[in-house]
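Structures given as C-alpha cells follow.
Note that subunit A is present in both complexes that follow, paired respectively with subunit B and with subunit C.
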Partner chain A sequence: MTAAWWTPRRIKHLQQMAGAAGREPGEPPIASMGSTGPPHVEQPYFTRDRLVCDGAQVTRPSIDPYREPVETHIYLFRGRVRLSMPVVVKLSPEAGPAFFRAAVKACYCMNVLADVGKNLPDGLEKYGEGLLADAGLRGRAHFAAHVAALGEAAEVVRISASEQFQGLEDVLKQGVWGVYVDEDLGGGAELEVAVSLLDRMLRRRGLRNDVSVIAGGPTVRGSDDIYKLVALGADAVAVSKAVEIAVGLPGARAGEEVFRERVENLLLGFQRELKLLAGAAGVSSFFNSLVGSRELMRAVELDRAVRSKLGVKQAGV
Partner chain B sequence: MMYWETPRDIASCGILGILRRENASRIRADETLTSIECVRYRGSRYGAGFAAYNLDAGSRYKVKAFVADGEALQHVKQTLKEYAVGGFWELGVETPQAKFMSWAAYVDTDEQSLRRAVDRINRDLFDGGLRGRIYSWGRFVEVFKGVGYPSDVCSIYRLVERNVSADLWIAHTRQPTNSPGVYPVWSHPFASHEWAIAHNGDISSFGANMEFMHYRGVSSFVGTDSELIACILDHLTQHMPVEKAAAAMVNPFEHQLLNGEASRLTVEEYARWRGALLDGPFSVVAGYCDGEDVFMLAMADRSKFRPLVVGDDGERFYVASEEAEIRSLSEDADVWPVKPGGVFLASMKQGIILTGREHEKVFYHRPRKQLPVGDVVVDAKGLSYTAVNSLIRKHFEAGVRHISLINVNGHRYLGINVPSHRRLDIHGTAGNCLANFNKGGEITVYGNAQDDVGDAMYGGRVVIHGDAREVVGQALQGGEIFVRGSVGNRAAIQMREFKDSRPFLVVGGRADDYLGEYMAGGVVIVLGFDALDMDTCLVGRYMATGMVGGRIYVRGRVDGWRIGLPPPKPDVVRYLRGLALEGLLSEDDVKYFEALPAVSYGDVVERLSGEALRRVSKLFTSKYFRELRVEVRRLDEDMEVVGDVVKRFFHEFGLGEKLFERVLREEFTVVEPVKKAVQKAEAEPLPEEG
Partner chain C sequence: MKVPRQTEPEFWNVERIEHIRHLARYGKPLWVWDRAKQTSNRILDRIRFRAELEDPGLNPSPNPSADTSTSMAYDRIQMTTPLYLGDMSFGALSGIPNIALARTADITGIVTGTGEGGLHPEVRKCRRITVQWASARFGVDIDVLNTGLGIVIKIGQGAKPGIGGHLPGVKVTKPISETRRIPVGLDAISPAPHHDIYSIEDLGQRIAALKEATGKPVFVKVGVTNYIAYIATGVARMGADGIIMDGQGAGTGAAPAVVRDNIGLPIEIAVSVVDQALRREGLRDGFTVVAAGRVSSAEDTVKLIALGADVVSLGTAALIAMGCVMVHKCHLGFCPTLLTNKIEENPAKILSLETSTRWTVNMVYGWTEEMKNILDAIGVSSVRELVSRRDLLLGLNVGADELRLMGVRGA
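Right, the complex of A and B next:
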C-alpha cells in the first residue's frame, strides 16, 4: 500500500523516466504546459508543496540546459567527494537482492552515493567509494553513524528529522564531516523544516561549508522535492521509495540488468529535470547558487511561523 | 540643451572605470563625466554615481552616510562615538538628496571597530524603515552617488566645479530592475571598506550570496545584488589575493577548476568559499586600494550576458560597457573585450596584471583611418543617434547614393535605414545594433562595431574593418557580414537560410564562445589571420550547440570538447570506471579517457564499441541531441561553397594573393549537423500506459 502522496501521475512520471513505462527512458516526460504541481493543481501533502520556485526574468534569463551548461555537481565533505547531482539513493534489503545490487552499480556509474545502511552484499565491496554506510562497514565506504553509536572518527552523523539539535552540537565540536537527516529515524518534524533549521544552525556556527547536509527518505517524490530541499540547505537529498516505485517495485519481476538500466535512466532523468528547474531560475551552478538559496522560492498559503522556520518569503508581496 | 529620454526598453546599465598609470596625470571629474555620459541612454534618471580613489588621500577614514532626518543622523553619531576609538570630526551635511541628506565625517579608529559600527548603523537604520545608510567608509575611496543621470549627480556634489581628480574613477549610470531607483541608497557605486563597485546585471546567486555574507559580519542588505558584490570582494580579499578572489567570484566552470585554470583555486577552496561565487548576468568594475597601490578590477560572467571591454592607451587603463566610453577620451587606445568568465586587473604601479582574456594582442585589429569618400559627408559629433539617423534618412530619401558618416562614437541603430544598393560609410566606433534588419544596404565601418551587428539582417553587406563585439549576425538570414578583426561571444546564433538566401559571416580573426549556437543555415568562416603562426584554437567553448543546419569553417583544429555541450569529464570517467568494474572495459581504456583534457562524444565513439559504447552514450545523447559531423580538411575542397565569398573578403580588405594561397593550403575544421535520414515508421509502438 503506497501513501497518499504517491499519486498516479507521480508514479507514471517516475516509471516513464526509469523506462518501466513509456518509450523515452531517461527523458523528463512532458505532461502539459504550465504547472501540474501543488498547491493549486495537485493537492498539497507536505509543507514543501506550498513552496513555489521563482522563475527567471528578462534581466536574468532562463538557461536552456540542452545547449548551455547547468552544473548539477555537488562536492561533499569539504571537497573530498564529488556527486554528479545532489542525490543519494537509500536502499533497503526488503526491495530484494537483484534490485539492491543493481542500484549500487547504477549509483556508482551515475556518480551518486548509494546508502546501504548496514548491508553490503558480497561482491559489492569494490563499489566502496560510491557507498554511504553505517559505522559497522567502516573502511569499506563513506560511513554514517547514529549519534548514539558515534565514534571519534565518524564522518557522517545520522539524525532524525527534528526541529531540535541537542546532542548534535557536541558532536559538531568533534569535527564531523556531514549530517544526514534520515526520515526513517522518525523525529516528528517535516523534512524541509528540519533541513532548513539545520542549515541555519550550521551557518550561525560558521560550519556550513565544513559540514555537508544530506537529507531525505520515503517522502521524497522526485526532482521537484530534491530541488526544494537543496534550496533550503541540503547538499544532497536521499531518495528511497521513489526509486523503488520507478523501477516497478513492488511487483516487478525483472533481473538485475533491467533494474540497473532503470535506476540509471531514472537518475539521468532526475539530472535533466534538475537542470531544467535550475535553468528556469537562471541558475547555472547547483553547488554554489542553489544550496540554501531560499530567495529562489516563495511560500504560498503558509503561516508566518512556518515561513520563518523555512526562511522563505511569502509569494506576491 | 535638450536631452533625450530613451524608452525604457533596454534593460542595461552603463559602467566605467579609468585608472591612471603612476607617471600619468590624475583623471579629472569632467573627463569621467564625459565618458559615462556618452552612454547616457544605457541609464535612466534613477541613479548614478562615482567613486574616486586617491592613494595619497590620507590615513583617516572618511565615513559618508545618507540620513533621512535628524534622528537618524543622531543615531549615526551616537554609534560612531561608541565604536570609534579616536573619535570623529564632522564635515557636515554635504548635499540634500531626494528625502535624504548626505553627511560626512573623518573617523579615527581601527578597521575592526569601524566594520562593527558600520554594520550596526546600517542594520538599525534599515530595520527602522530605511532611514539611512553608510555608503562610503574607506581611507582612499570616496563615493558620490544620488538620484539622476551622471551629470545630475556630478552637479549635486559639484565634482567639476571643485576640480576633483583621482588616480582611479569608477562610474555608473543605472537602469533599475529589481530595486527602485527613487532613493540614493540604491545607486551605484556600492562600497565596502576600500572596495567600490559598479555593476550591470542581475545575479541569480543572490540568495546564496546573502546566506554566505549573513553570518560573516554583514547583517543588513538594502536588497540589491550589487551591494553584495562589494561585500563579498571585501570579505574574500581579507583571506586571499585579489586575483584568486576574482577567479572564484566569476564562478569557474568545473573543468576550469579541475584543470587549474582558475588562478590555482583548489576544489577544497571552492567548497570552503561556496556561496561567494556569482551566477547569472554581470559585468562588474571595481576599485581597490591597499595603501600601497590602486587597483582596478573587471569581471564578466561566464556566459557573458553583459558587455565588458577594456582599454589601454599607455597613460590610462579603461573598463567600460561600450567602447564608445573609452573612445570619448582616447581615440587610439587598444580596446579588447573581456572573455566570458574573464578577469581584468590593472594597478597604478604595476600596470596590467590580468588581461581579461587570452590572445588579447591578436584579438583586436586596429584599422587604418580612411578619408571620407561619400557623395555627402555627415558629421555625427555632438549629435544623438536619433538625430544622426534622421539626417541619413533624409539624404537617402533625397536620392544620395553614398553617405560618409564621420566622428561616429557609439551611435546606435546605424544602418537600419539604408536602401538597397546604397552605401553608408561609418568612420569611428559604430554603436550597438548596427545594420539590424538590413535589407540590401551596403555598410562599411572604418573602425570597430559594438554589440549586435546585423541582427535579423536579410540582405546587403556589412564590412567592418576592425573588430565586432558580442552577438554578431544573430538570426542572420541573407547577405554577408565581413569582419576583418575578431568577433565576441555568441556570433551567428540562430543564423538561418532559405531557398534563395544563404547568408555568410566571415571573420578574419577569432571568435569567443557559442559560435553558431542554434545555427540553422548559412555559412560561417573563421580565418584567424593574426594567429597564422600560433598554435592556438580560434574559437572558445560550446561552439555549435543546438546546431541544426548550415556549416561552420574554423581554420586549424578545433578541440572536440569545444564543440557542442559534452557532459562533465568526471561523470564520464566515473561511468567508464563503473563499466570497467563490470568487466566491460579494460583499465587501460579508463586511463586513456582520464588522460584526455575533456571527453567528447567523438572520443568515446572512436575508442569504444558494443555494450560499453551503448551504455556510456546515454550521457552524451538525449531526445534533443543532434549529431554533428566534424571533419578536418583543406578549404580548396570546398571552393564551390566558400570560394567566391572568401575571394570577396580578400578583395574587400586588400589582402594579398600570397595570403590567399596560404589560407587555401591550411586545414580547416568543418562542422555541420548530420543529415537525418527520413525516419521509417518503427515496429509496433508500445501501448501508452496509465
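Right, the complex of A and C next:
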C-alpha cells in the first residue's frame, strides 16, 4: 500500500529516471502540453505543492545547464563532507539486502551520503566516509543520534519534524555538526515547515554556518521537493521511499548490480533536474545561492500563517 | 465522436474538449456561462461575473450586440476580436496545423504567432502573422522579420520559464533540418537565455534594433514568473509595443516535466498585478497586454480582459479545435491526431488543411459569439471598455490576500 501522494505520474517519472521503465535512464523525463500538477489540477498533498519556483526572464539571465555550469555540490559538517548534490539516501533494511548493498555502493560512487541507520551489513565498512549511521556502528561512518541518546561520538543529531525544538538548545551547545529532521521520527509538522523554522532558529542564534541541516523522509517525492526544501533552508535532503519506488520496489526481482545501476541513474537524473530548476532561476551554485533562499519561491493560495512560518511571499508580490 | 475516458487529473477534460469541438463544428455558441469551470479549481474558475450569479441559466442569443473589435501595439494592428493564436512552431506542429492557424488569422481578422523555427512557405504567404525572434534564432533572417505584422522576442514560455525551446531529435527530420539548419535526428535545444539579453537594458537595445531594421511593432513574450510586474514594466519602459504573458499550465511541445510542473504563476494573478503596475507607472495606454495559459473558453477570455488584459492567446484550444485529444504525446512524434507528429518527406497520413482551417475559423467565430453574449449579459458594450473592469467580478472561495492583490472583491 503506497500513500496517496504517490500518484501514477510521480511513480512513472521516478522509474523512467532510474531506468526501471522507459528507454532514457538518467535523463529528466520530457513531457508535453500543459501541466497536470498541483495545486490547481492535481490536488496538493503537501504545503510545498503550493510553492512555485522562479524562472529568470528578461530582468536577469537564466542559465543553460546543457551548455553552462550549474554547481549542485554542497558542504556539510563545517566543510568536512562535500556531496555532489544536496541528497542523502535513507535506507531501510525492509527493502531487502540486495537493494541495501546496491544503494550504499551507488551513493558512494555518486558522492552522496547513505543513511544506514542502525544497520551496516558486513563488507560495507569501507564505504564509511559516505555513510551516516547511528552511533555505535563500527567503521568510519558519520554518526547520528537521537537527541535523547546523544553520545560523545555523535556528530549529527536526529530530531522529529516538529515546530518546536525542545532539548535541541543544550545539544547545540555541545557543538554538534548537524541537525537531521527525520520524518520517520514523527513530530506532526510538515517537513517544509520544520525545515524552515529550524533554519531560521539557527540563523537567529548565529549558529547556521556551523550547523548543517539535513531533512527528509518518505514524503520526499523527487527533485522538485529536494529543490524546495533546500530553498527553505536544508543543506541536504534525505530521500527514502522515492528511491525504493524508482528502482521498482516492492516487487522488482533484480540483482544487486541492476539495483545499483538504477540508483545511480536516479541520482544522476535528480542532479540534472536540479540543474534545470536552478538554471531556470538563474542560480549557478546550490551551496552559495540556493540554501535558504526563500525569495526564489512564491506561494500560490497559501494561508498567511503558513506563509509566515515558511518565510515565503505570496504569488504576485 | 466521443472523447475517450481520461484516467488522470486533467485541466483539458472532456467537458472542455467537447465544448471547443462544438464551436469548431458549428461556429455557434453552446452556452453563455462556461459550465466546464465547475470541473476545475483555478482561481479564475472561482472568480465570477456578478451578472452570472443573478442569471446563471442564461441561454445564448443568436444576435448579440456587443462590439469585440480591438487593437494591438498603440492601434497599429486592428483586430476583429481579441484573440491571438499562440506561438506554435513549425516542427512542434506538423506543418498543416501551422498553415491552418495562419490562414485562420487572415480569414477572421485576428493575429497568429508563428513560433520559433522558421516559416513554412505557405505560412509566409499569410499576412496576419507575427514572427518569432527566439534564443536560437532558428530560421531568422531579415526577410522573415519583415514578413508579418510584428515581431515577437521570445524570452520564455509558460510551460518552462527560464528554459529554451526543445524539439526532440525524433522530430528533427529532413524538412525541419533544412528550415532550421541543424543536423537530422539531434535534439534542437535552444539556449535558455538570449546571450545578448542579460538585462532590461539589453532588451531595450534589441527592441530598438529590430524596430530600426523593420519598422514593425515588437512584442516580448515571457513566462509568468515571480517578478512579473517588474518584468512587464521594464518591457513597456524599454519601448516594446506589448507583452505576451504565458501563465502556469500553458502548453508545450516538449519540456522537462519537473520544470513544467514547478515554475510559473497562474495567469489570472499576473494579468491583474501587471495591469495595476503599468497604470501606476503611466505605461498602460496603447501598450498591449496579451494573456495566455489555460485559456479554455470565451468566459475565461472575458474575465482575463476584465482583470486587465487587452488580448488573449489561445494555443491548446486551437489544437483541440483541430482534433487534439490531450494524450500528452507531442514530444514523441506520433500524435494520434496528426497535429504534432514528426514531419516526414512522404507522410503516410496527413491532416486535411481545408478541414483544419474550417474548424479553427469556426472556433474563432463561435468563441466570439459567446464573448458577445457575455458582454451583453454583463452590460458592457465593447471589449475595449471591458479592459480592467475588475468591479464586474466577484471572488468565490478565493483567499482575502489573493483578492486584494488582484483588486477583486470577495462574495
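Everything below uses one rule, namely that the second predicted complex is superposed on the first by the 309 of 317 C-alpha atoms of A that agree within 3 Å, B and C clash if a C-alpha of one lies under 4 Å from a C-alpha of the other, contacts with A are read in each partner's own complex, and residues count from 1 in each chain.
By definition in this document, contacts are C-beta pairs under 8 Å (C-beta built on N, C-alpha and C of every residue); 3 or more make two chains touch, one makes a residue touch a chain.
All values derive from a computational prediction rather than experimental measurement.
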| item | value |
| --- | --- |
| Partner chain(s) touched by A:280 [first = subunit B, second = subunit C, both, neither] | second |
| Touching partner for A:298 - first (subunit B), second (subunit C), both, neither | second |
| First (subunit B), second (subunit C), both or neither touched by A:40 | second |
| Touching partner for A:317 - first (subunit B), second (subunit C), both, neither | second |
| Subunit B versus subunit C as contact partner of A:289, first or second or both or neither | first |
| Partner chain(s) touched by A:96 [first = subunit B, second = subunit C, both, neither] | neither |
| Contacts of A:55 with subunit B and subunit C, given as first, second, both or neither | second |
| Subunit B versus subunit C as contact partner of A:224, first or second or both or neither | second |
| Which of subunit B and subunit C A:216 touches, first, second, both or neither | neither |
| Set of subunit A residues, in rising order, touched by both subunit B and subunit C | 8, 56-61, 63-64, 66-67, 281-282, 296 |
| Touching residues (chain side subunit A, partner subunit B) in the complex | 8, 12, 15, 21-24, 26-27, 56-61, 63-64, 66-69, 71, 73, 75, 78-79, 82, 84, 105, 108-111, 126-127, 203-204, 206, 208-210, 231, 264-265, 268, 272, 281-285, 287-296 |
| Residues on subunit B engaged by subunit A in the complex (per definition of touch) | 11, 177-178, 201-208, 210-211, 214-216, 251, 253-254, 266-268, 270-277, 279-281, 302-303, 305, 514, 517-518, 542, 545-546, 565, 568, 570-571, 574-575, 577-579, 581-582, 615, 618-619, 622-625, 685-686, 688-690 |
| Contacting residues of subunit A [partner subunit C, same complex] | 7-9, 13, 28-37, 39-43, 52-67, 222-224, 227-228, 273, 276-277, 279-282, 296-298, 300-301, 303-304, 314-317 |
| Partner subunit A, residues of subunit C touching it in the complex | 8-12, 40-43, 155-156, 159-164, 166, 168, 189, 191-195, 197-200, 203, 220, 222-223, 225-231, 234-235, 248-266, 269-270, 272-273, 293-294, 316, 326, 328-331, 340, 398-399, 401-402, 405-406 |
